Amino acid sequence: MTDALIVVALLLVAGAATAAVLNRDPVRQALVLSFLGLSLALLFTFLQAPDVALSQLAVGSAVTPLMILLTVRKVRRRPGSDDGADKPAGRGR
Amino acid sequence: MDTARLLPLVVAVPLLGAAVLVATGRRLPRLVSDIVGCAFAAATAALALLVLFRAGHPGPGTYPVEWVGGWRRVGIVLVGDPLGAGLAALVSLLVVTVLVYSWRYFEEPPRRHTGSFPALILVFQAGMCGFALTGDLFNAFVFFELMGVVAYALTGFRVEEPKPLQGALAFGVVNSLGGYATLLGITLLYARTGELGFAQIGRRLDADGPDGLVLAAFVLVTTGLLVKAAAVPFHFWLPDAHAVAPTPVCMLLSGVMVELGVYGVARVYWTVFSGPGGLSHPDVTRALLVLGVLTTLLGAAMCWRQRHLKRLLAFSTVAHTGLFLIGVAVLTPEGISGTALYVLGHAGVKAALFACVGVLLDRYATVDEHELFARARELPEVGVLFAVGGLALSGLPPFASGLGKAAAEEAAGHTAGWLPALYVLVSAVTGGAVLRAGLRIFAGVGRRPGKEEGGPETTGEEEPETGGRLGRIPVPLLAVPAALLAASLALGVIPAVASAVGRAGALFTDTGGYRRTVLDGHAAAAPAHLPPHWQLTGILLGLLSAALAIALATLAVRRPVHTGAAALFAPVRRLQSGHIGDYVAWLVAGAALLTVLTVPGIR
Amino acid sequence: MTVLPYPVAGWIFLIGVYGLVTSRNLIHAVGCLAVTQSSTYVLLLAVGYRDGGTAPVFADAPTDSRVVDPVVQALALTDIVVGATVTALLLALVVQLRKRHGTVDPDALSELKG
Amino acid sequence: MSARARLWIFLVGAAGFAVLFAAACIDLPAFGTVPHPYGVRAVRAALSHHTSNVIASVNFDLRAFDTLGEETILFSAVLGTVVLLRQARDEHRKDPEPAVVHPRVRRFALLTLACALLVGLYVIAHGQISPGGGFQGGVVAATALHLLYIAADYRALERVRPLTLYEIGEAAGEAAYVITGLAAVLAGSAFLANVLPFGTLAALSSGGTVPVLNAAVGLEVTSGIVVLLARFLDQAVEIEEPGEDDGGPWDSGDSGGNGDEQRERA
Amino acid sequence: MSTSDGWLAAALVPLLALVPVLWRIAYGSPKDRLIGQNLTSLLAGLALLLAARGFHRTSYNDVALVVSVLGPTGTLIYARFLDVLPDSRLVRWTALVGVPATVLPLCVATGPGRAMVKLLLIGAMLIAGSVVTSASGGKGGVTA
């Protein structure tokens, strides 16, 4: 049964990694990255590595996406307005 | 105290210094933080030298081995073999000179961050020393990343300008990717052997024959290290980063960090892969030799075509790393010791040259060979230092770079007869490029270069790194390059240095001895060796390459237009596109190339 | 038992590098680098796994239980820290790069050539 | 190089990499079968030092030197980010705009803040016994603090975040780690040797120097991440570029945010 | 150590439910993506709790504990930056039904003690987080 969990988690991780690369808008990518972080944490727990899962959770699902969002906000900020980051850049696929 | 106990301190002391500087850096005046930084760096250098000098006692074949935390065979081992300890000492001494040089360098440190520059340099020192001393594969990866992280930050230090940022980013992305490839390789080795120490992995590998896993591990681990060493086609980041980093940082990057990549390749090969369970000598020789030759040729060609002085020096580093790689590729003790001496001499010379360029940058706000034409006639001292540096770079006896070149080319000549010619050619071209620039800038020889020359290229307009333009040149800015060149000269003429380096090379390549010393605590019998020494052929070849360099330089300033040659090089130059995607693609292709070159290694 | 973890690690590495090569936005490229790095975590932990093993944390397990390899877990922890810090540093560079170049498109960066 | 050429070079390289990696996978021991000698030794060593979390023992005892390197990487990355994201000579600060947060969200965020801080401290403190440790807990605690930005606004966060203190905390954590290692040398043992009494297995104070180093790392990580995020927040919220007020020069050239859109147009 | 396959099989349910969530996050509208983010931490928390029980390791619950505090934090951060905090019945009902359906049997199986208190705390945090970040009211954003 553990094997089944590991397999599903692995497929989730592979799918999330692929989606994170194919989503070329950084804000979208940040969301997929935090999904990737969570699914990695799940995989690590199933691989009996709760310590690593905790780390991955803290870094991958919170800090990294937060830094990416802040960077996007800085980069997209237009003169006179503060909400550049809030406009979704691409149309939904 | 036991010498071995000192090994971890070589890493710990600069880290403590960095922590102190960061904690107090906001309040300290600039002078105090500079002194504190220098003191910690100097203390580390003293420790490293102590380890180095006591390494040969009690027997000539012994060297200190320390299991950190006292965890014999369970923890991380630090090994103070003469080559590793010597590199740590070289790193530390160069860091001290760099800190002295930058004493008056950044006229105005970033507001409220007085201590951060020396602190970063100290951490850099700790990372490089740790990498040189460690006997554990994963620990080497940690220090590899530490060097990297600090180096990215230092490269991008001048945030007010666009170029350093782009260079630092390319540097960061490519090096991190190389690091991850290395880690994949480490994991594969762990999966096979269940060990992380060099010696333990090597012993375990020798229990079975080589197979696909060993090959893959070798290729992946080496890829990361070759990225650091800037071997073709992993080299693209180097000119972009070295050309734009602050001058003191360039001195460290070109002087020692890149060479540590070559050291890593050699260390990993000799301790892990050289046994019967590793890869066969001819295959490794072929792979490294091909990459080395490509690297050195490309580096020399690109070096000759530059007008941005720092970029010129950066490409000359690429060319010389190629030569170092060839010296390692021949897989003999003589190749290692010759290359080690070459690295020693090169570090002093290259750092001195960068230091001279730093003076120009601060005085004239440009490092463009064409724009600076004849403008530095007023600085004869700097001109002399620059010219001496160029001659030493071309391998003029009796500089250590000359002796190292002579010894390395002789060792390489035993493997392939044409390799010495390559050493002479590359030294002459790189030295000639420096001399050409020197003749134009400091003497105003030849015709003023016209605007029409050159196509899309990086020119040398830069912001000066000091607060205002320098009027009088501060003493450290001249004393440091002079001292570095003098050290390079001294290392070449003191016979004790050469014999010590010869012994270091012999111990370095004694795989069985290393494993016994680390794991069993036996003193290895000192293997027989022939230290590098001045021979007639070596002296003549050194004089020949120096003469060639002068001839090339004179020819270039007298008749500056070579449209044909420029067109020939254009496609090669276009590869250096500054595009991160390109560099990454080349990295992957390079790993594949390395595989193809090594693949007959498994039968 | 399955051999899936190894090819998955390889796939993640390659797809991440593909993203880096084709990226048109440096922030996206940094994200791709983070993806690439997750391949190393997966490989490390897969290598250390043992069927029927449990975490080597003996607070709530008998000390003679069959455990997975603790060393790879420690290595993976280190690796994660490295990844986070590299990401932070590269993003900081991107922020400044955008200020000085006015773009985060790698195709538009052309200061360093030849 | 054109995008197409770049892609081809990558594809050739990737094919080579795939073959290499596949060859390695074939020769790898089957998943989940082989015990590693180092792992076995590590478990034995951890138990001999009464540390019930073997991973913590590997991190802070057997391979404490690796962790020193790792913490230094974090330390220097934070230092590097501070330097890189400093306020440049031509930039100025403006006061962040106040935000009005929905009361329900505010109450919840403050509650979560308290919980997350406690969870972070709990994870740090139990590092040597149960999963977790200085790094994991430190990141959680540091992230928790930033809920204040969500619950109120940036000014509220700035009030409870004396950055100087956190910068010193970070350096102190790093220094404490090194000094613990040096203390062992002064006590006549090896650097980073575990010289304290080991206590009883699974007690809060077990493991000798493990909890000490763990706490040092916790302090460093918490402070470090706070400083790190503060720099990014400053850039995103406070620091203004020259010309950002009066029509920036890159209004039209901003392909940055959106590569896709450009490609679609092309 | 032996595992309990029943609990692990139960853990597969939230795990498999993550597959469509990934699709939503990757290719949905901004609103969808935020709902997806919210659901991810909720489902992951549940899967972790069930797996911990299945492996007979109470210490694994710490991972779920951290998910239960960081998950809503993440959602709120995204909501702040994207300026949407969508009203989602799906999230609400998944939380209100799924969490008790998971946590209560776990509590029964664990029996009274510190572990049970922790379980209840995690359950409460998961519910509170999901409900608050998905409830209707306000103007759809974090700011009022």
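All chains are identified by letter, namely A, B, C, D and E, in their written order; residue positions are counted from 1 within each chain.
To be clear about the criterion, contacts are C-beta pairs under 8 Å (C-beta built on N, C-alpha and C of every residue); 3 or more make two chains touch, one makes a residue touch a chain.
For each chain, UniProt lists the protein as follows: A = MrpA C-terminal/MbhD domain-containing protein; C = Na+/H+ antiporter subunit C; E = Multiple resistance and pH regulation protein F.
Treat the numbers as computed from the prediction; the structure is a model and nothing was measured.
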Chains in contact with chain B and with chain C (Na+/H+ antiporter subunit C): which ones?
D
Most remote chain relative to chain B, going by C-alpha centroids?
E
Dist(centroid_CA(chain A), centroid_CA(chain E)) in Å evaluates to 16
Cα centre of chain B to Cα centre of chain E, whole Å, reads 51
Go ahead and note the Å separation of the Cα centroids belonging to chain C (Na+/H+ antiporter subunit C) and chain E.
25
Could you put a whole-Å number on the gap between the CA centroids of chain C (Na+/H+ antiporter subunit C) and chain D?
14
Which residues does chain B have that touch at least 2 chains other than itself?
138, 142, 145, 149, 152-153, 156, 159-160, 188, 190-191, 194, 196, 574, 577, 579, 581, 584-585, 588
Residue list for chain E, restricted to those that touch at least two other chains
55, 57, 59-60, 62-63, 66, 70, 73, 77
Listed in rising order, chain D residues that touch 2 or more other chains are 3, 6-7, 10, 14, 17, 21, 28, 34-36, 38-39, 42, 53, 55, 63, 66, 69-70, 73, 77, 80-81, 84-85, 88, 123, 130-132, 135-136, 140, 143, 146, 228, 232, 235, 248, 254, 256-260
Every chain pair meeting the touch definition is listed as A-C, A-D, A-E, B-C, B-D, C-D, C-E, D-E
Interface residues, chain A side, partner chain E - complex:
1-2, 4-5, 8-9, 12, 15-16, 19, 22-23, 27-28, 30-32, 34-35, 38-39, 41-42, 45-46, 48, 50, 53-54, 57-58, 61-62, 65-66, 69, 72-73, 83, 85-86, 88, 92-93
Quick one: in the complex, what on chain D touches chain A?
53, 55-56, 97, 123, 131-133, 135-136, 139-140, 142-143, 146, 225, 228-229, 232-233, 235-236, 243-248, 251, 254, 256-261
Contact footprint of chain C (Na+/H+ antiporter subunit C) on chain D as seen in their complex
3, 6-7, 10, 14, 17-18, 21-22, 25, 28, 30-36, 38-39, 42-43, 46-47, 52-55, 57-59, 63, 66-67, 69-71, 73-74, 77-78, 80-81, 84-85, 88, 129-131, 135, 201-202, 228, 231-232, 235, 241, 248-250, 253-260, 262-263
Once bound in the complex, which stretches of chain E touch chain A?
3, 5, 8-9, 11-12, 15-16, 18-19, 21-22, 25-30, 33-34, 36-37, 40-41, 44, 47-48, 51-52, 54-55, 57, 59-60, 62-63, 66-67, 70-71, 73-74, 77-78, 81-83
Chain C (Na+/H+ antiporter subunit C) contacts chain E in the complex at 52, 54-55, 57, 59-61, 65-66
